[in-house]
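Each of the two complexes below includes chain A, the first together with chain B, the second together with chain C.
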Partner chain A sequence: MSRVLAEKNNRATQLKKLLQTAQKAATLKKSPFYTLKASQKRAQLTTNLFLKAYDEKSKVAFRNVIMPTEIFYAMDIVPVCVETVCALLANFNVTLQCLDSAEQNNYSRDICSFTRCTLGAAIENYLPTPDFLACTSYYCDDSTKLFYTLSKKYEKDFFLLDIPYDHNNVNAVHYLENQLKEMVESIEKTLNRKIDMDKLSEAIRLSNEARYYFVKLNELRTKIPAPIGGGEAIDYAAILAFTWGSKEIVDVYKTFYEEVKHKVENSDKPPQKRKIRILWRHLRPYYNNSLFDFIENECDVEVAFEEVNFIYWGEMDPDEPYRSLAKKLLANPPVGDFQRWIGVTLNLIDKYNIDGIISFNHWGCRQLCSGEGILKDILNKKGIPMIQIGGDCIDSREFSFAQLKTRIQAFLEMIKERNR
Partner chain B sequence: MHNTHELINSEMTSIEQYVSWFVQTSEHKIKNLKQNSKPSIGWFSVYTPEEIIYAAGAVPFRVTGESSESYSLARVALFTNMCSYTLSCLEEGMQGSYNFIRGVVIVNTCDARRRLYDAWKYYVNTPFVHLLDLPKVISVESKDYFRKQIVIFIKSFEDYFGKKISTDSLRETIYLCNKTRNLLNKLMDFRKGDEPLITASQSMGIIKASMCGHKHEFNEKLNGLVNLLENREISHKKKSLKILLSGSYFDQINLIKLIEDSGATVVCEDISNGIKYFEGEIDLNKDPITALADYYLEKAPCARMIDAERRFKHIWKLIDQYNVDAVIYFSLKFCSTNLLDFPYLEKELKQRGVLVLFLEGERFLVNLNQLKTRIQAFIEMLL
Partner chain C sequence: MIAVGLDIGSLSTEAVVLNDKNKILSYVIELTQGDCKNAAENVFYESLNKAKVSKEDVSNIVATGYGRDNISFAKKTVTEITCHALGAYFLFPETRTIIDIGGQDSKGIKLDGNGKVADFVMNDKCAAGTGRFLEVIAHAMGVKLTDLGKLSSQSKKLIPISSMCTVFAESEVVSLVAEGSTKSDIINGIHMAIAERIVTLLKRINIEEPVVMTGGVAKNEGVVRALENKLKIKINIPEEPQMVGALGAALIAKRYM
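Then we have the complex of A and B:
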């Protein structure tokens, strides 16, 4: 990391360096799945926010995937979700360089590649220097340690929201609510900027509005045939988005809902033969690959829904923003007992009329993949097939598509046979 | 317990006799627990307040996973990229090794242990399975939260076993466990000289025996050993390279022997089968539950706590106390918290002139030969 400290640490230099490397590596690849205007708007919003984080005038927070962003929008802070940035870096074709850099600095290959890639990007000085970092103790240990390490590297304040396991306990809401308040007080001191509670209420209201459209969209996705492809929908990964609380995301989700509604209302008659419907667990590989294209087009099945798009929290109360955000964090299915999460999966199977589950097991993930033996056992008893496909969202060296194809084909053939 | 030990009723006059008793206690743990009329409760993390289990009239013991020969069942139940300590413990449970016990307590220390709780509940036939939540940070709020979690733990224990855990009984068991801590800390003092009176292998055997329940008997024996050692003359003639061992769960005597055969001496283990288990003591002047919460949250830090700087400061203190020359850092494969702490700790130590050797391996060190070459080269470089 000493190399970074020696370099000029301003954001313009960091962006220039990233773009120069990206140009050397390859041009930005265009996803083949983006057929909707909403998807293009969403991609543009993500890119704009990422670029805004390189503006010297911006106040920038590094946050992990479930740290609530409503607070940041209320304080005019640009949230940078460092794990999501890895997916963006995959588009720039610089992930392998970042992974190598992390490994050369003694970060083991057994560590999750999102974490390694982020560390490598920080070592290579591709990321905009944050003003502070904020992370939750969920989803995983890697994430909390990553943020701690980055806070040391950038010598910036770090806030950890310790999400309690015991989500049903009244102490849990109180504990988390107090931490949120304390975090905001600390941010106020760090940035010398007071939070405007009216703005926070407004961010909560906007978050509710965005949620409203996404929930309605998810209702439309129960239709058969599936109104949109999973390959396009998975990139929304709504539960991980760093745009909740912004005005722009309301527009994106509203557009998304309206476009899909239009499709449903104007679709031709359903095909005579119902396609196999798949529930997708976890994420997808973000480097150049044709996994979804293979499943949805070549194998002709529908990825009807993805767990990362399940809106698990209720409407929040703008008059009680901290308490509401605490409840939202605790409503997250992976918080607590794994049976809680399994319950959510079983509900989604019913709701979306699912024939089978494909679970993309990201190598290095101890949190998401580690309970799947239990899930598979429960699903077996209920007669619902599930296949776990091993791979890596970021590290293309851990992805063997040729082998996976055969397994996926066999799995889908088996379901087709059963459904005959 | 008594009938399994040949030496129990005879006078012990040598260090070797005492060590043999401790090693046997550890090796015959399961047999002894089965013969005991009191209910046995398994635990996995050194953040488990054993005092509460003792106060309930039960026998707490550490599940070590050492009887499992493979992880074939556990790997299917969990996932292949899980730490092998967790897998080995679950494997033992799934094989039925603990069908006789009444309960287990799993502390929410990391992703792996959290899933161990899920899998243990689902696959293993243990009537009482409790997860004790543990914050990652130390603050007024987190202490208060952890205190409340301890109250919940006590309540669930009382409800299941139908026995009230009184404040007085908690004070008694805190006193009992403090006694163990004090004796183990005294034992470590005998390893601080130029020629340690107790070897690392012996020390680990003793520490593991302290986790097998029956602390009264353990304390009595360790007190005997400490008295014996106090009367020994400490030699300052021989000086060897002193190694501090730090990192993940570790109990592989083979590796320690390998280090010591290479010409170095392991003088302290900053691991859960070492200092992390017994350093410090619980404040008997405080309300017992508050005292338990404060001690366990603030104890010698494990990588699972967020603050690696605090962990480094603790390691640095040990380096000073034990006059350490170099550090060997062992991480289990897939132990994210230890793997991610390492580069930071290495940087801080190197800046202060302390060299570190990083080793990564499985629970049973199937890669011991690979490690051997690296250990020998590291020690040769320092000698």
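Then we have the complex of A and C:
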């Protein structure tokens, strides 16, 4: 970690270093799944925001996946989602170097690769120096330690939002609302910049508008045959996005909805045999691989929906932004006992007419996979098959396509045989 | 009307020739030796010769196993999970659970009352406790792979083997030999360790009887005995457990003729 401080720490140097390394690596490949204009727009927006974070004039916050970003857009702060950065770095082909770097600095290979990759990227000085760091206590305790470590290394302030497990407690919303207010006050001091409450209300309104289109899109995805492939949709991972509250994401989700609507209304395909419909749990591997291509094209099944695209929160009140954001955070299905999340999964199975579940269990994840046994028992009783496939989202060294292929193909054969 | 099933595994490749009455006309087992295509062609032609049928008589060929996608003359590919299930159910029609331990992986397959796969589990990340693991141990002990079962039956004392990593287990075995433990006791310990690992895997799918064991490791009476003791059940072993996957593939080939 000492190299971060030893090297020249301005963002222009950091960006130059990243781009030089990326150019040395293999040429970037465009995802074969991006058939929609909206997906191109989303990818462009993500890249633009990442590059904007390297602008010396930008105020930059490192955030984890569920830290609300509406606050940042209201304060003209560029959020850098460290988990998303790992997926981006996979595109730049520098992930393995980052993972190696973390391991060489005594971070065990058993730690979640999102964490290792972020640490390695910081060690290699690829990341734009943040002005502060903000993290929620959920999903991962690991993230809180990561953010603490990074805050020490960059010598920047670190703010933590403690999300209560007991989300139904009468005081839970108030507890979180107060923390959000306090966090904003702390950010104001750190940046010497006041929040404009009208801008915060506007960010909430924009977030609502983006949500409106995504919810409508999710309704369209109940159609059979599936109007869009899961290989394209999973990269939206809407619940983890760091663009909620921005003007641009409204356009992306509106375009997404309109393009899919157009597809549904203008489909001239003759009625075909109903394909097996899969619900995907968790994320996917981000390095170059053909997992979704294999599932959706070679095996000819539909990944009808992904849990990371389920919009679990209601419309927010722009006049009560902090309270609304607190409610949004508490509405997250994994917050609280596992039964709550199981309920959501069961609803999605019904809503999307699901025949089976593929659960991609990220190695090193201690937060989201430990309840899978109970889920599998419940699904067994309901006659819904589920396969848990172990794999790594970031570390390609752990990837054996032949192994995954056999498991998935056998799982699909099992469902097909059942339906015979 | 002849159907052929091919099972191209990491260590061995098998072929089974079936006639239209589901009679097994022949089967052949050979080492893959890293060349899937060559091994598949060899067992294919040898099995036809043994069955006294010509290539022109063959109506359908199905390939399974890790090399299944590399066999251009196969008309369909199916995973070994489905094939082992079909093969085992064909040989023992009441089967509800299958234990398959092959060269590099181990599986537990649960069948419903109609012989269809209801659930399955496979080893993850590591090939400990599989055929390859036993090969390494046999080599480290200086004994033949085929003698492991017989030797373990002479064991007088159970020596717990703590490591199931192929590399670490090898060094543990070498240390035990150096300490003066008998080969029989060490091999028995190895078999018990494999059984413990497999039982943990199997419990994930709730074992139901009757149980059939397939794959090359089913030929090791020591592993079978250790599993039976751990599970407190009798395990059915086919006459040739190594060809069950290819038999399942042949049954599928026949279904689609």
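In this text, the second predicted complex is superposed on the first by the 417 of 420 C-alpha atoms of A that agree within 3 Å, B and C clash if a C-alpha of one lies under 4 Å from a C-alpha of the other, contacts with A are read in each partner's own complex, and residues count from 1 in each chain.
Keep this in mind: a contact is a pair of C-beta atoms (placed from the backbone, for glycine too) under 8 Å apart; a residue touches a chain by one contact, two chains touch by 3 or more.
Since this is a predicted model, take the numbers as computed values, not measurements.
Trainee: Give one word, clash or fit, describing how chain B and chain C relate on chain A after superposing.
Mentor: fit
Trainee: Is it chain B or chain C that touches the larger share of residues in chain A?
Mentor: B
Trainee: Could you look at A:D110 and tell me whether it touches chain B, chain C, both or neither (first, second, both, neither)?
Mentor: first
Trainee: Looking at the overlay, what does A:I374 touch: chain B (first), chain C (second), both, or neither?
Mentor: Only chain B; A:I374 stays clear of chain C.
Trainee: Under the stated touch criterion, which partner chain does A:M414 make contact with: chain B (first), chain C (second), both, or neither?
Mentor: second
Trainee: With both complexes placed on chain A, how many Å separate the closest C-alpha atoms of chain B and chain C?
Mentor: Nearest C-alpha pair, chain B versus chain C: 5 Å apart.
Trainee: Taking the two structures together, which residues of chain A meet both chain B and chain C?
Mentor: Shared contact residues on chain A (touching chain B in one complex, chain C in the other): none at all.
Trainee: In the complex formed with chain A, which residues of chain B make contact?
Mentor: 76-79, 81-82, 108, 110-112, 114-115, 117-119, 122-123, 131, 133, 135-137, 141-142, 144-145, 148-149, 152, 304, 306-309, 331, 333-334, 336-337, 339-344, 346-347, 358, 360
Trainee: Which residues, counting only chain C, touch chain A once they are in their complex?
Mentor: Interface residues on the chain C side: 66, 78-82, 116-120, 122, 124-125.
Trainee: Over in the complex, which chain A residues touch chain B? Could you list them?
Mentor: 1, 105-108, 110-112, 115, 137, 140-142, 144-146, 148-149, 152, 160, 162, 164-166, 169, 171, 175, 178-179, 182, 337-339, 361, 363-367, 369-374, 377
Trainee: Within the complex, which stretch of chain A touches chain C?
Mentor: Residues in contact with chain C: 380, 385, 390, 398, 402, 406-407, 409-411, 413-414, 417-418.
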